[in-house]
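Each of the two complexes below includes chain A, the first together with chain B, the second together with chain C.
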Partner chain A sequence: MALEQSACQKCESVLVSRLFCFSCNALQTFPNEVDFFEVLGFPISFEIKSAELEERYQQLSLELHPDFYGSAPEAEKRLSESATAILNTAFNTLREPTSRADYLLHLLCKKQKLDERSLPDGFLGEMFFLQESLDELLESGNEAELSGMREDLNGRQKNIEADYFPLFKKFEDNPEDPEILQQLQTHLNAERYLRRLLDRIPAID
Partner chain B sequence: MAYSEKVIDHYNEPRNVGSLDKSDMNVGTGLVGAPECGDVMKLQIQVDPLTKEIVDAKFKTFGCGSAIASSSLATEWVKGKSIDEAMTIQNVEIVEELSLPPVKIHCSVLAEDAIKAAISDYKSRNKD
Partner chain C sequence: MERIIGIDLGTTNSLSATVFDEGPEVIGEGENAVTPSVLSRIDSGWLVGQEAQERRISNPEKTVFSIKRLMGRDLKELGESVYELPYQVVEGERNLLKVRIGESESYKDFTPQELSAEILKKVKQRAEESLGEPVEKVVITVPAYFDDAQRQATRAAAQIAGLEVARIINEPTAAAIAYGLDEKRDLQKDGLVAVYDLGGGTFDISILKLSGKIFKVIATHGNTQLGGDDFDQAVVEILKSRVQQEYAEAEFDDPESKQILKKAAESIKIELSLSPETDYSLEFPKQGKSFSGVFKVEDFESLIAPMIEQTLESCRHVLKEAKLSTTQIDEVVLVGGSTVVPGVRKKIESFFGRSPHVAIDPYKVVAIGAGIQGHLLAGGRRDFLLLDVIPLALGIETLGGTFSKIITGNTTIPIEEKETFTTNVDDQTSIDVNIFQGERELIKDCRALGQFKLRGIPPMKAGLPLVEVMFRVDANGILTVSAIEKRSGKKAEIEVIPFHGLTQFEIERIMEDSFEHAIDDFNERQLIEFRQTAERVFRGIEQNWNVAESTLSEMERDEIRKQMEVVRQSIKGQDSQVLKAQLDTLGDLTRPLADTAMGRSILAELQGEVELNQ
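Entry: the complex of A and B
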């Protein structure tokens, strides 16, 4: 998907980030509903190289840091604070694949109503069964079986995460197909149940 | 965020935890989940086949304190009611009783869904 380029409010250069102009070092006023991809200056896509994201974040945090605006006019001071806040939220959302997938799905399906509770067939019953089994394992303290369960759940979670990229790619190629977004929603839902189980298993070294 | 006293009471001493025999024709089982947080809730009712009154109810919930309290309260409320009366229980009543904050409203929705799922399971197994 193409990135909508906006121009600097001061020098009219093309902006990388919607928050700051790297050409003339001017803070930009931004709308409340600015999307996190614009904030960090990446195209709206699931595919983001984490090293590039990290680097862009570091650059921007340095430029926007409120410490550098201590003696600036009040409006600019406040702008640097709100820009830093949204930069941090955007970075934390996009750096991790699941929250990035969740956020991107919300951006993409503004027009389309998804079934927000969809799960694979029989999944809920299986989750209930696993929760009960986990109760028993936690009670008996069987570390071998607990780590077996953790490995199994981790594996399933990884499989789900591995599907995000091809599914978003498929959607980019077939933006009219509502089924793909619904599939993504189902994946995200399932992953939350798996995480809930994983959270209950104490870490063993 | 602090839990209300009633939530803490139900959390510390949940009512009607357990299971009923799923294969019993007079038992209805509702299994629901909240994808927002991964909570899973099972609520079961036992119905008197003649009077259609709910004579027993059990639950088991894997979730936060509010989800446990909501389902515990739901089992207390359905007991002694007819299945038609139990169908009318609304999540807002649970919210009020337990003073749930806005972020925990979905827990009460889950409990209402669980009651309805249990009743509809009972009905689908007892079509005359």
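Entry: the complex of A and C
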């Protein structure tokens, strides 16, 4: 999807990030609803190379962070602080595939109402079974079996995550098909279940 | 360029550092660089640092140490440990802890913030003397695991001390800066670093990712009530039981005995870092008892083993949070006085499977890192950036006493999150929201930070108002809250009532009080110092009177005797400046002694002491 380019409020150069102009080093004021892709200067798409994202985040941090505005006027200080805050939120959201998928999904379907509870067929039954075995393992404290369980859950999580990309791709080609977005929502709901189970497994070295 | 110094406000010792032309270093030399975090009450003021340290046994109930452990806490949280302290701790309104000094009818209470402020004032004063310029702005370090209340308390202490806090940074992160920017370091330029920080009263473990100019904290965990003090206390318990084996009726509940045991435990701990066993002897003059014995390092190590295990538990937790295993950690850095204990070092080494870095003095490294950060904030360099995290989730109480997280733990700061609230009944114009911090599911297991009241909501049907509350955590890790009613666009008024902290009003009142007392306090402190100097000078003169008899005329000797009498009278008086002038005169009168070879060394000693104390 094409990115609508905005211009620097000071020198009118084309902005990479909505927050800062790399041409004239000026902080930009930004609207409350600025989207996270604009913040980091990436096109609105699920496909983001994590190394590039990380590099852009570091680049922007080195320009926006309040540490570098210690002797700046109060208004600029505030702007640097809120710009860094939104940069941090944007980076955290786009970095992980699940939170990125969730964010992008809500950005794409402003009108469509999604069923926030839908789950894949048979998923709930499986989860009940997994939950019961986890309860037993936690009680018995069997570390080998617990880490086996963790691996199993991690594997399931990876499988779900692997579907995000093709689904978003499919949606780009068929933007009129409401089913694709609902499918994504179903995946995200399932992932949340798995994460909750994983959180219950204690750290083992 | 203005100077922003770094201050490590420690449980046991405090020190400052800055970036000199030759590079970052602590301010002051040797013993002078370190101010013990101890203060002792005199009439209406405080002695701070070494002078206070010396009064721990002679004035135990007036001598306060380990005040950092009380910052932003309440009695319930501190538990039993508070009763082991030789000084009295009470609880005031809003669960605010206070140290009570004095007898029943003429006592005075002091908040931990005020007491920490006294330590900061001393550190500030010493830094100013050493640098020869005023110090106004500082970077202060706190344990990474300090919550909002503890950070606010630290900031209030600085404010009371008349310091502007340019930034509060986390101790392990400060250490990482000092290591990461150390030119002589053999630390890798990029990689994952674990900082294990065990101080006098607190423990932190932080995992950082170093890449290029950026030092990013990935995750942190810790315990703000675990440190070398607890090692001492465990030793104290053993000493008590050993003494009781010999004297079944022995009692240790008086402040003096507590201090004697605590000091003995401290030196046993230090000795056992150097040798496999150590002799100790305990004197309890008031009870007319003495006791001696041998402490073995094995006994010490098994005593502290459960505490070290607790720190390793935190290490496991932080690795899980960071989604890393020990084998992925490139470097381990040790910080804090308690990491010099060999038993601690061994356990860390076996946990991480590698020998830790100790190139920079673990006592100094935090202050140095803070000094470097101060230099950056003052605009002195911009070749690195520290990205730190909030240690514990922040959130609010929701139905059924559950904790609803608004900002999760280990999120990079600064950060802002919005949450929308509405009303339950028609025409409701205010909403109360309780703020908590912690990682547990229920608010009863989290820390209550405060309550805020949203007022001035325009009257509407229930559920219609949309009050958007902004939770903002700044780069210091401190929370501020603001609110707006979306339908009317009206700013809702917000008032945060802190549960463990001082209100701005209270801080200002303390500052006014301390200003009124400042002149008196200064006079009093000088009086004590000059009185001590006078005693030393008298001793010196009397011990060497035979030299004076052979080298000075009778008239000269007479003048010295007269002047000594004048000084004696002034010692009883209350004016420090008069006493000083008379001591100076005595110094002039004894100066002819320097003309004799014999007298020279004596007098150099005498006058050297006088000058040191001016």
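The rule is short, and it goes like this: the second predicted complex is superposed on the first by the 202 of 205 C-alpha atoms of A that agree within 3 Å, B and C clash if a C-alpha of one lies under 4 Å from a C-alpha of the other, contacts with A are read in each partner's own complex, and residues count from 1 in each chain.
As a working rule, a contact is a pair of C-beta atoms (placed from the backbone, for glycine too) under 8 Å apart; a residue touches a chain by one contact, two chains touch by 3 or more.
These numbers were taken from a predicted model, which means no experiment stands behind them.
In the superposition on chain A, A:Ser71 contacts chain C only, with no contact to chain B.
Judged by the touch definition given at the top, the superposed model places A:Ser61 against chain C, while chain B stays out of reach. When the two structures are aligned on the shared chain, A:Pro97 is found in touch with neither chain B nor chain C. By the touch criterion defined above, A:Ser82 lies against chain C but remains apart from chain B after alignment on the C-alpha atoms of chain A. After overlaying the two complexes on the shared chain, residue contacts for A:Pro178 are found with neither chain B nor chain C. The partner of chain A that touches more of its residues, comparing chain B with chain C, is C. Contact with chain B, but none with chain C, is seen for A:Arg192 once the two complexes are overlaid on the shared chain. Applying the stated touch rule to the two superposed structures, the chain B and chain C interfaces on chain A have no residue in common.
For chain B in complex with chain A, the touching residues are 31-33, 35-40, 42, 60, 62.
Those residues of chain A that touch chain B in the shared complex are 116-117, 119, 124-125, 127-128, 131-132, 188-189, 192-197. Only residues 58, 61-62, 65-68, 70-71, 81-82, 84-86, 88-89, 91-92, 202-205 of chain A touch chain C when the two sit together in their complex.
Those residues of chain C whose C-beta lies close enough to touch chain A in the complex are 2, 4, 166-167, 211-214, 316-317, 319-320, 325-326, 351, 373, 376-379, 382, 385-387, 411-417, 472, 474-475.
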